[in-house]
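I am attaching a structure below and will ask some questions about it afterwards.
Here the chain labels run A, B, C, D, E, F, G and H in written order, and each chain numbers its own residues starting at 1.
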Amino acid sequence: MSRVVMDWDREARTGTAEAVLCEGKSPDIVAAIVDKALDHGRRLLLTRISEHHLTVLDRPGVDLDRESGTAILGPPSSDTRAGACIVTAGSSDIGIAREASRTLAFHGYAGPVISDVGVAGLWRLMERLDEIRSHRVLIAVAGMEGALFSVLTGLVRAPVIAVPSPVGYGVARDGAAALSSALATCAAGLTVVNTGNGFGAACAAIRMLRMADPE
Amino acid sequence: MSRVVMDWDREARTGTAEAVLCEGKSPDIVAAIVDKALDHGRRLLLTRISEHHLTVLDRPGVDLDRESGTAILGPPSSDTRAGACIVTAGSSDIGIAREASRTLAFHGYAGPVISDVGVAGLWRLMERLDEIRSHRVLIAVAGMEGALFSVLTGLVRAPVIAVPSPVGYGVARDGAAALSSALATCAAGLTVVNTGNGFGAACAAIRMLRMADPE
Amino acid sequence: MSRVVMDWDREARTGTAEAVLCEGKSPDIVAAIVDKALDHGRRLLLTRISEHHLTVLDRPGVDLDRESGTAILGPPSSDTRAGACIVTAGSSDIGIAREASRTLAFHGYAGPVISDVGVAGLWRLMERLDEIRSHRVLIAVAGMEGALFSVLTGLVRAPVIAVPSPVGYGVARDGAAALSSALATCAAGLTVVNTGNGFGAACAAIRMLRMADPE
Amino acid sequence: MSRVVMDWDREARTGTAEAVLCEGKSPDIVAAIVDKALDHGRRLLLTRISEHHLTVLDRPGVDLDRESGTAILGPPSSDTRAGACIVTAGSSDIGIAREASRTLAFHGYAGPVISDVGVAGLWRLMERLDEIRSHRVLIAVAGMEGALFSVLTGLVRAPVIAVPSPVGYGVARDGAAALSSALATCAAGLTVVNTGNGFGAACAAIRMLRMADPE
Amino acid sequence: MSRVVMDWDREARTGTAEAVLCEGKSPDIVAAIVDKALDHGRRLLLTRISEHHLTVLDRPGVDLDRESGTAILGPPSSDTRAGACIVTAGSSDIGIAREASRTLAFHGYAGPVISDVGVAGLWRLMERLDEIRSHRVLIAVAGMEGALFSVLTGLVRAPVIAVPSPVGYGVARDGAAALSSALATCAAGLTVVNTGNGFGAACAAIRMLRMADPE
Amino acid sequence: MSRVVMDWDREARTGTAEAVLCEGKSPDIVAAIVDKALDHGRRLLLTRISEHHLTVLDRPGVDLDRESGTAILGPPSSDTRAGACIVTAGSSDIGIAREASRTLAFHGYAGPVISDVGVAGLWRLMERLDEIRSHRVLIAVAGMEGALFSVLTGLVRAPVIAVPSPVGYGVARDGAAALSSALATCAAGLTVVNTGNGFGAACAAIRMLRMADPE
Amino acid sequence: MSRVVMDWDREARTGTAEAVLCEGKSPDIVAAIVDKALDHGRRLLLTRISEHHLTVLDRPGVDLDRESGTAILGPPSSDTRAGACIVTAGSSDIGIAREASRTLAFHGYAGPVISDVGVAGLWRLMERLDEIRSHRVLIAVAGMEGALFSVLTGLVRAPVIAVPSPVGYGVARDGAAALSSALATCAAGLTVVNTGNGFGAACAAIRMLRMADPE
Amino acid sequence: MSRVVMDWDREARTGTAEAVLCEGKSPDIVAAIVDKALDHGRRLLLTRISEHHLTVLDRPGVDLDRESGTAILGPPSSDTRAGACIVTAGSSDIGIAREASRTLAFHGYAGPVISDVGVAGLWRLMERLDEIRSHRVLIAVAGMEGALFSVLTGLVRAPVIAVPSPVGYGVARDGAAALSSALATCAAGLTVVNTGNGFGAACAAIRMLRMADPE
């Protein structure tokens, strides 16, 4: 099997650590990477874990979260600073929200989730607006038409990172409508990551937080 | 040149009259159709008129509106009943809104326009909400990400017809993002017509109005 | 697990109730929503149910319909007013037709289905035309090329709502051809909802019916 | 300039002659091809001619038709056998219909055109149905949603060749909806050529006619 | 369950019989249709059968062919006239070729298959060319880039019907490259049906054969 | 003409001001907006100006920049704080880079541009890396395959905002390849705005800068 | 079952042998081809093998590699000349890399693999650059945004063949982003094969190597 | 105006020189680059020149070729080694063929063009096959369905580089069908560059030639 080369100093160089995208990797390769981390005494974040990876990940020392498909190898982060708030349109978005939240936690930042504030019932968002406005960075997760991205961005001062989610069918399949909606937004100040990329959104949020609050 | 066959009894059969889609027709064909209408003593609505059609349409008895690219041949409708309210996200949507409004007028219905209520500044929509709620049918015109469609539909009881508009660039080009946003909406009760089809939206609205208020 | 926030007053605000889109939700989340409805003594409509949701839905007090993937929690609607007629091109469209029909029933409207009137054998549509014309609102369900949408709309006065269905293969896969056909129609008065969205079509129909026949 | 190599024996080998697709060719190259035909004493069909080609084509001995963008070099065909009937949905389709008709004429077949029989007013098609059924091969030209293709094919015994036309906007732009509609048809017996390819449809029709009526 | 309406006189009207597209239909609906055919004493062709339909189709009196996913209910056609030759690029195309061949047989026409003549080894096509040229109508089945369609059409006089097949991966997935290749062909005289539609190609061939050889 | 409604308090609410997207607006509408701003004594940023808008914008008090298609009405910002650095792949990206730079300037932030550091000659990026690393927020503009986005993000700690640019042809047309490249990045910490949206990137950068450096 | 026709002299004619693409072929057809090769005493390469083919391929004399989904029938190549180096972005690309490597080996060329040199940690590529530069032809395998293709091509003199890999999700699904990135590259000298086509890349490399080092 | 940074040592590093893609650059930027080259005494290749660039390029010392949209600044290459043969399907492909040919010439390689050998008349290709086989590297340029790519590759031993050309309409528009056809080829040994990229194809050919024939 191929030699695995980890980029251990990525966190030092860029502010966030390399994570292992398990989707598309055989359990053998995932196991080899976990072994390598154990050899180096490294903490490790793994994302997009499927059922067939569980045989190599369901063991002591691994904090496994099936709802988000993530696993964390090694001890929890020693401190938790104020981080980014994750806002979701519906309860189907919770897996992606948790991927973001756990990525923040892995790096020592809080990632509270406010869910079910989609625009079909606008009062739900309005009711939580003061709480949402109290956070320095926002991550919004929404599928279907993704109208939440624009409405939210037009109401707050914080940077908003949109994570389209693959919730919906027909033209919304695979998050296609939510993605184009986020990119086409009329609300300046919104930026976007790939559909389902809660990890990437959290890493971008961490770069912003580190800028404001340097070590 | 080819024989033109008009469907003169379409209004009797379906409630709205055949209109002439000028886009893609040579001025010669448009002139032939106008002549045929004059021969039959018919009123006629023409849509999507471009500069090169003006030579055959800029004449007495034709009510020409360049902003919407429409022309009406013959006298105005004799009465004006309460119709549909047309709501737009921005001032770039006004041409399409007027195509809908003039189609309503051609058939004897009012089509007031409320413009510039896009969601980036949500207060603009909220400020007009009582007025909007007073109408029996709503037509919403929006480009870019079309978030207005879902937000509006979630706030009112009337049927809402979305007309995506080709306002925007990148993924919003040709109204692509607004169209998929309208179809993928999380707000049930919204229906959609083709991008830019103010005429079709108005005809659908008229069918609804006629159902409620039969002759 | 995340806090579920239902929009209980949606029916009062918009005329139709919030439904639970089960596709993309884990059985745990669906169960939590059902429990919440029971706690509040609310009726509830659930759509796009798959096999793995059945363990939490196949219980007393739930009216489960596998053909349409819908479930209704609580007693049937107390009265049934004249509603919308649902017309299908072929017998593969019946699941979506029933989703629309049961959504109408949930809200107290009749939703009779006339199936198998696709245009390849035009006599089938013509034979039922008088019956179809007797309804105030029509919902048309068709896959493949969706020619039924335009032909039907050209023959009737009622508003027609097109529901493209994911019937077919090749360019018809996932209802893509039927969707573009519905949007591109030459027959004014047709509006469209997302592919497979029988629920949304019924909600739009209800808004139209309520306009004509207010409480 | 590059050496032009004509496939003069294509008609002997395949039943129809090579034509010159002018779109994308500079006037210089078109002129070189015309000169080569004159040198060889060959008749020649040129298609998709634009304004900038006219300087080299508007001369004696060339039968130029601007509506279809075609030119025929050399004498007309000596005889005209019964050929294919060309049916169009609307008057915007006439250019493509004439490209087909003139291709048939170039090869010695009649190509009568029946226009304006689109399905929004179904009676127009029904009124001409006996006449349409009297032809051995049918070519149907339609844009927008192209519902005519399926309806026509379901009513006749002759082979029907669909030519999607780039009439319409939004999802119908460039004939996209009509093309997918033709391919996804529920009416078996329909075959399709590329959007706008009246020439190709006529060549296919000629192959069919030659099979039935061999020299 | 919904009322099934068969178009029994389709063969009389159009030359080919209605077939049952099983894909997307539940076994219950397929069984209902088979029962209806037995009730009326009708022969019946069923296409795109999957594993889950077998329980209702694997019984006496049904000629089932798993390779093509087709079944024929009732006695074989009483005579077999010279029909169309089916040419395939590779051995992965054989299922679709057999769907076409069995559709021809159902209607009383021969449908011999010549397979594995793809253009990567052009000698294979050239070796069979005389045999191929002896047929009146050709059906070509090819996936990947579908170059066979154009090469074959340029070498013969018969009408050629292209059936793109979903063979290949990447840009060839689902037959996408073969379909666009067939439509974009430089070889006039080729027409196209939907990807995988062997049934439709055979029906079009039968219309052509009937024209040449009327009852 | 339609009533124009400006969202004057957007800057107070969200941190950045509403700008006027001139693309798709008639000169009359643009003039009406400018007049309204003058009436209110407001500064105004206008973007995506084309030739036909110049008649209403080329006047005293308007700072017009043709390379970026932007105009600023009113006095320059009174102070200039350290802002975001804009990095471009090639000299074709300069118009978009300047749209971002001028948006920053309008809001009182510096927006220095480092151009021509595309990855085909990696040494150009490496040579400027220390300078690039000295900025708190980075905006990267690139067309073609957009490889710069990932390479840059992997080398720095600052948040990076990708602006795909419509530079290139074939699959790169309209920035399609660069956009998907930015979204699909393997380098966590990158976020994306719509193709060509230098304005939106700058507004997002300002939100980040304001978070770090609050008034 | 259909007659299988192998192109046994393809290697003599083109430099590389015909291989059997197993995807889309039933185990019966694959078995028939293997039998034919055994009958002719031919070596044979089989690609894209799935689980269901194993029953006919897991037998003596077949060198089966599950990671790449390839099998080689017959003895290994007698000699191994210096060949092409295969470079991968990540460890998910290893299956495709091995398909290329084994295709090279089948034809008598070495195909060493250097993996995990993606651009998010650029030092990994730089560390191996001298080794990479020592090869005459390079094959690069990358998914997600495929930035490796351009960066590598800008650093070396050898021809580089890009193989997009279907690694990633959202816009990267099925290798879509990597494919467009490879084609849109700003680094001249890169050529591309279909997503996942390690076999094709190796065959192209062999043609290049044979040109430089003829028999 | 922005600082232009040329990668002058690209030829030393990669074997081919940086060229200036003029499409998307203003005449001012092109002029600045030309001036920089003159200052450094460098030869320069410019590609995709449009009419509006001519004012700054039509001057002594510039070898301008309008058919290919290329210009060469500086003296011709001192020697001409045997290079790559460029094969085109039709005479519309000649501009792209000449872009490749002139790129070869700029670098000191011959680039003879064989045109008009498209597969609709296969004899044209066969007639020139011996001549084509005499070249070490082949570049094939084709639009429409691009069948030439596969047919040619199956007949020769040299590496073949496909350049899809934007010749055709409908599904062939912008070279879309030819591009997917080239990538999906059944003929191993073909590699592909972006649609219209004659320059890139030539640079890849030069890398191959340099490998075989090192300085």
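Please note the rule applied: a residue touches a chain if its C-beta (ideal position, glycine included) is under 8 Å from a C-beta of that chain, and two chains touch if they have at least 3 such contacts.
These numbers were taken from a predicted model, which means no experiment stands behind them.
Path length between subunit D and subunit F in the chain contact graph, taken as the least number of steps between touching chains: 2. With steps allowed only between chains in touch, the distance from subunit E over to subunit F comes to 2.
Which listed pair repeats B-F comes down to matching contact pairs by residue number; over half match for B-D among A-F, B-D or B-C.
Two copies of one chain, subunit B and subunit F, touch each other, and the residues they use overlap weakly: the shared fraction of interface numbers falls below half. Across A-F and B-D, the chain pair carrying more C-beta contacts is A-F. Computed from the mean C-alpha positions, the centre of subunit A lies at a distance of 34 Å from the centre of subunit C. Our note on geometry: subunit E versus subunit H, Cα centroid distance of 42 Å, whole angstroms. Annotation: 26 Å between the Cα-based centres of subunit D and subunit E.
Within subunit A, the positions touching two or more other chains are listed as 10, 120-121, 153-155, 166, 168, 170-172, 179, 183-185, 187-188, 194-195. Every pair of chains meeting the touch criterion is listed here: A-B, A-C, A-F, A-G, B-C, B-D, B-F, C-D, C-E, D-E, D-H, E-G, E-H, F-G, F-H, G-H.
Interface residues of subunit H, counted against subunit G in their complex, comprise 10, 13-16, 19, 136-137, 153-161, 179, 183-185, 187-195, 199-201, 203-204, 206-208, 210-213. Those residues of subunit B that touch subunit A in the shared complex are 89-90, 118-122, 144-147, 149-151, 153-155, 168, 170-172, 176-178, 180-188. On subunit B, the positions that touch subunit D within their shared complex are 1-5, 7, 10, 18, 21, 23-26, 29, 33, 48, 164, 174-175, 179, 194-197. Residues 67, 88, 91-92, 94, 97, 113, 115-117, 120-121, 123-124, 143, 166-173 of subunit E are the ones that touch subunit G when the two sit in their complex.
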